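Right, I'll just put the structure down here and ask away after.
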Amino acid sequence: MIVITSNQTPEERVQEIIAVIEKEGLQTHVSRGKDRTVIGLIGQIEPKLAEHLRQMKDVENVIKISKSYKLASRDFHPENTVINIGDVKIGGGDLVVMGGPCAVESPEQIDEIARLVKAAGGQVLRGGAFKPRTGPYSFQGVGVEGLVMMAEAGKKHDLLTITEVMTPEYVDVCAEYADILQVGTRNMQNFDLLRKLGTCGKPVLLKRGFSSTYDEFLNAAEYILAGGNPNVMLCERGIRTFETYTRNTLDLSAIPVLQNLSHLPVISDPSHGTGRRELVEPMTKASVAAGADGLIIEMHTDPDNSMTGDGVQSLFPDQFAALLQDLEKLAPLVGKRFDTPKAVQI
Amino acid sequence: MIVITSNQTPEERVQEIIAVIEKEGLQTHVSRGKDRTVIGLIGQIEPKLAEHLRQMKDVENVIKISKSYKLASRDFHPENTVINIGDVKIGGGDLVVMGGPCAVESPEQIDEIARLVKAAGGQVLRGGAFKPRTGPYSFQGVGVEGLVMMAEAGKKHDLLTITEVMTPEYVDVCAEYADILQVGTRNMQNFDLLRKLGTCGKPVLLKRGFSSTYDEFLNAAEYILAGGNPNVMLCERGIRTFETYTRNTLDLSAIPVLQNLSHLPVISDPSHGTGRRELVEPMTKASVAAGADGLIIEMHTDPDNSMTGDGVQSLFPDQFAALLQDLEKLAPLVGKRFDTPKAVQI
Amino acid sequence: MIVITSNQTPEERVQEIIAVIEKEGLQTHVSRGKDRTVIGLIGQIEPKLAEHLRQMKDVENVIKISKSYKLASRDFHPENTVINIGDVKIGGGDLVVMGGPCAVESPEQIDEIARLVKAAGGQVLRGGAFKPRTGPYSFQGVGVEGLVMMAEAGKKHDLLTITEVMTPEYVDVCAEYADILQVGTRNMQNFDLLRKLGTCGKPVLLKRGFSSTYDEFLNAAEYILAGGNPNVMLCERGIRTFETYTRNTLDLSAIPVLQNLSHLPVISDPSHGTGRRELVEPMTKASVAAGADGLIIEMHTDPDNSMTGDGVQSLFPDQFAALLQDLEKLAPLVGKRFDTPKAVQI
Amino acid sequence: MIVITSNQTPEERVQEIIAVIEKEGLQTHVSRGKDRTVIGLIGQIEPKLAEHLRQMKDVENVIKISKSYKLASRDFHPENTVINIGDVKIGGGDLVVMGGPCAVESPEQIDEIARLVKAAGGQVLRGGAFKPRTGPYSFQGVGVEGLVMMAEAGKKHDLLTITEVMTPEYVDVCAEYADILQVGTRNMQNFDLLRKLGTCGKPVLLKRGFSSTYDEFLNAAEYILAGGNPNVMLCERGIRTFETYTRNTLDLSAIPVLQNLSHLPVISDPSHGTGRRELVEPMTKASVAAGADGLIIEMHTDPDNSMTGDGVQSLFPDQFAALLQDLEKLAPLVGKRFDTPKAVQI
């Protein structure tokens, strides 16, 4: 860490700042430049100290050289994390495809979609039982019943399941029914939820906040890891920019960046990342080419009538199946494995 | 609401869309243009229908003409909402100043700061007992004890109190000790929290999500209003932009815009909105000139040693007092009332 | 186009608005809704009329249904534009790779890099003779001499050349020496430059403004097309967002979106789009998977000593050659052709 | 300046980096930390060196401590710049109001508006003869004739004039007719234009690029100053954010920030900064309260029929006059002087 002061700062004041640092058992190196004096800190720095220094009088800037997260950092864990759930391995070279509707609507709907996901080659069934909605008058999900419907469909068709959990009090019930718990973009910094997920015993897919930096994203993951849960997947799902033609701007650079900074698997969500059905195919392929460890894709048998209005970004089953066939060819070119069933029946 | 289709959409398909709309008891007007066919909807439109139409095949776009929130809208409530808490009226022409530290640290700290807020002319004491922090290793607040300390300081110095509540399970205890509950920027779309606040019986200050539009902001307020709580203040606290010199970009246009769209009082937070002490004074004055109903300002007796690191944006007590003296002169020029005590003692 | 007024607008005022529209020879359809009255316009609408209506009293909003650009739109030109330059076809299914240094530095430098671009399989040599720089004290390019050096290197190694032109007065000299003229991101709305390029007789690669929407981008292309130059390539090169880890956020959704909206070829620039060498490879592959018609990639023999400081995003020659070998396998999976020479010698 | 390398960088490589620095006559201080090695540079650093170091292998980051602009910096020029034009002083404590239409349309229009600006208390007449437009089919201004019309109206009503210049070749003719030359937001980084303005002999109002940082803005000003023209005003006119309700987000923090970093006068443009007439009044007052040295405000006698479509953000003459009366009371509260004529006649 580096502390910067103006060169007009009196020497005694600089010495006070140095005293604060050395009291914490750290060493300092001072460089007096033409316009600025720079104090370098050496040793293990507590976040509290950075905060303290930042607000001291005469301190112009405090620049962190090391990262504020540890468990999520590749520096501390050079090997890729591989999450094993049943036969599925996430982060170890297999490409994982999670497919399904935005929301669980009925036992028939989720059963039929599960069948199609499996037939196309997907390994995980996605579906929301609790839906975060911008306005209070929109459909909010079918609730716990939806968890039951999805668990049954997953079991019947030999698929893992993933569902979103929105609040700490529902973590236990979601963990009872689903194989993977998802944190939505609006909850990336719902710290009580993150803490609860640190002890839930199930893998977590953490979606990037729609205006969160990579650093904030990895700090949010750190909350879960620090709670004792090592099985966290990072999911890029689009960020908010000035462009409004797409629902979000899918930031595919996040995939290699997060894989460089962290050892956690990185999943891409081209459905929410674009918000438009016609862009899901090219952006899925682009995600794989950029190195994604997996995908989470919306697919619906009747998108015109989906209950959440997200049908506009859902693939039709035949589009989903055709896309997965293409991924089977594309994956090996970037060092990934992905197989679709020999005979796909839709 | 307007539904747009390509002029290459077959007539029978247009008729299907119309049938869906008329089935809901609405009337339609169809305009066939050169490139597009436009279907206008007349009547009370449910959100579900908009969602359904948006995802129908051949529908290029659905444009809402009316707003998706009702209780928060000035259309439905032309008079300003005035929130009465004890002797303090918020939204009725009095300028309200909320001051205090980022976090409650000790009984002595909060008592001394309360004394200074009161002496300077503030009406509300702010202070966090639970702190949302980007990383898990940062100071997270002193917890329930902090609520007790602040309540005592507020009572002793005849100030209302406001504190942040981060999770539904803490709403009750916060409501027991504080006069106003604050929702932080990261929780603006924590819908379970909003729902719980709809029934908490205390006024709520809702901070704008740092990347939320006015429309999303008013929809979040709608969650609280729809739960039965009419006493909501909207707080502009800066948005995230490409500019990194300031912590956030304080969007002062939000003040007149929200006052036009809604009847709820609008508060400005120049401390978080800028993140730099030297900008708090000019941006406080600018907020008042733009029509703000109130301000929430960080002030600390020892900002160099604040426990959260937010001291960098906290005013010193003498700066705070001088600023409020200036507001006394400025307020009447924009039709507001604000008085400081005749003899200020610091 | 649609004009929206409040339902409290007096009928006579609505009639005045309609009269303005019908005076232009257009038909109108009026829908009177619960809260708003909507006037639909039918016929060929001049931009001037939209502007006029937008500012009329009582008009709440004017919504364009059709696009403001014509020549750039796929609606008016359903077939892909294919730009033929010598043996190279851009936009017709061949993947085009443009490689080279940020700036031309010396005859030896550009000659050696041209040799390497050609050997790796590239078709176009890129290099800047005039450099736009944020500050006036940075290296500004070697000027016209650089054009000569690059033209010679291109000729010798059988490569087309592309170079940036920054101001209308240099269009002629750039067009004399280079095969393709490039408009930089800061000049996307330098309208005099665009107009001049409309008559320059050479193909133009137009970079997206770093904060420009797709609509503004296509309108900028329209300036060049309207001047009589049909050979325009659109180049996505990253947009400015809140994320600062990467130099820009490369918006790969732009590739399929622009190809849907327009018939013009779309090129991706992963070098400027990320600003980091280690991201160029994955984002190049992602660009191709998303459907790009071509790539423009920085490569330098001695990036540590490049004169612009952009070496940090330049590939080393061996990385460039290896990447193009990978593209040869990837291209056919997305319907593109790309061949590298049988024996690559570096 | 600071250069950061990993602590895994071999010592000999660190010595190479140091040798590069010391060859330029600079001193270095090296701090070896736990994860990173930091090299501090002392002495006058050329931009070229920073660029070189940034791209050297093993260099993780180069952090500038000093600023890249000099002439624009308050560090090098502690006193406020005061621009004197005739009797008008800009930046010296007088509040300057520039008012007028978006575009000059006819001699009668500009004469009548000039009369109203003068009567209300404005000191400068604004009006565009050349208009930058997003699309090629929109009204592009009346050209040189408009300069003549505006010069005559200014002279007759004793007002200074300001007009936008879009391209280097028009600088001379604009400088012949207008008292102040304006650089529009899209041209903030049109470096050839900036260089030409450095020698034009007239004061320049430089608008902030709609996605430019403060640092880029001041570097753009540096181009003009470095050319020998000391009379530059900085104009905040709104930045592009995710919010679309307003045309731009007027960043009022820019006013005190730029006044801290620089000695140049700062002007606010609430018309373009909001794009909505009803927001111009509150944001003008907020600008003054934030410390603006001047304002540039659109006013039109017939905004319903303005030729550019910007009428939607133009004040009516009576609104303009009333606002200036309010500014007369507000200005002294923030240490500024502003007087309106004793008897306003409209």
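Letters A, B, C and D name the chains as they come in the text, with residue numbers starting at 1 for each one.
The rule is short, and it goes like this: contacts are C-beta pairs under 8 Å (C-beta built on N, C-alpha and C of every residue); 3 or more make two chains touch, one makes a residue touch a chain.
No experiment lies behind these values; they were computed from the predicted model shown.
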Note = Per the touch rule, with chain B out of the picture the rest is one piece
Message = Can you compute the centre-to-centre distance for chain A and chain D, using the mean CA position of each chain? Integer Å is fine.
response = 40
Inquiry  = Averaging over Cα atoms per chain, report the distance between chain C and chain D in Å.
reply    = 27
Query = CA centre of chain B versus CA centre of chain D: separation in Å?
reply = 31
Task = Among the residues of chain C, pick out those that touch two or more other chains and give their numbers.
result = 211, 240-242, 244
Key: Topology of the chain contact graph, where touching chains are joined (line, ring, star, complete, other)   = complete
Query = What residues of chain B sit close enough to touch chain A in their complex?
reply = 46-48, 50-52, 54-57, 68-69, 132-139, 166-169, 186-187, 189-192, 195, 210-211, 216, 219-220, 222-223, 226, 240, 303-312, 314
Key: Touching residues (chain side chain A, partner chain C) in the complex   = 211, 213-215, 239, 241-246, 249-253, 255-257, 260, 273-274, 278-279, 282-283, 285-291, 326, 329-330, 333-334
Ask   = Which bits of chain A are touching chain D when the two form their complex?
value = 2, 4, 29-36, 38, 40-44, 63, 65-66, 75, 211, 240-242, 244
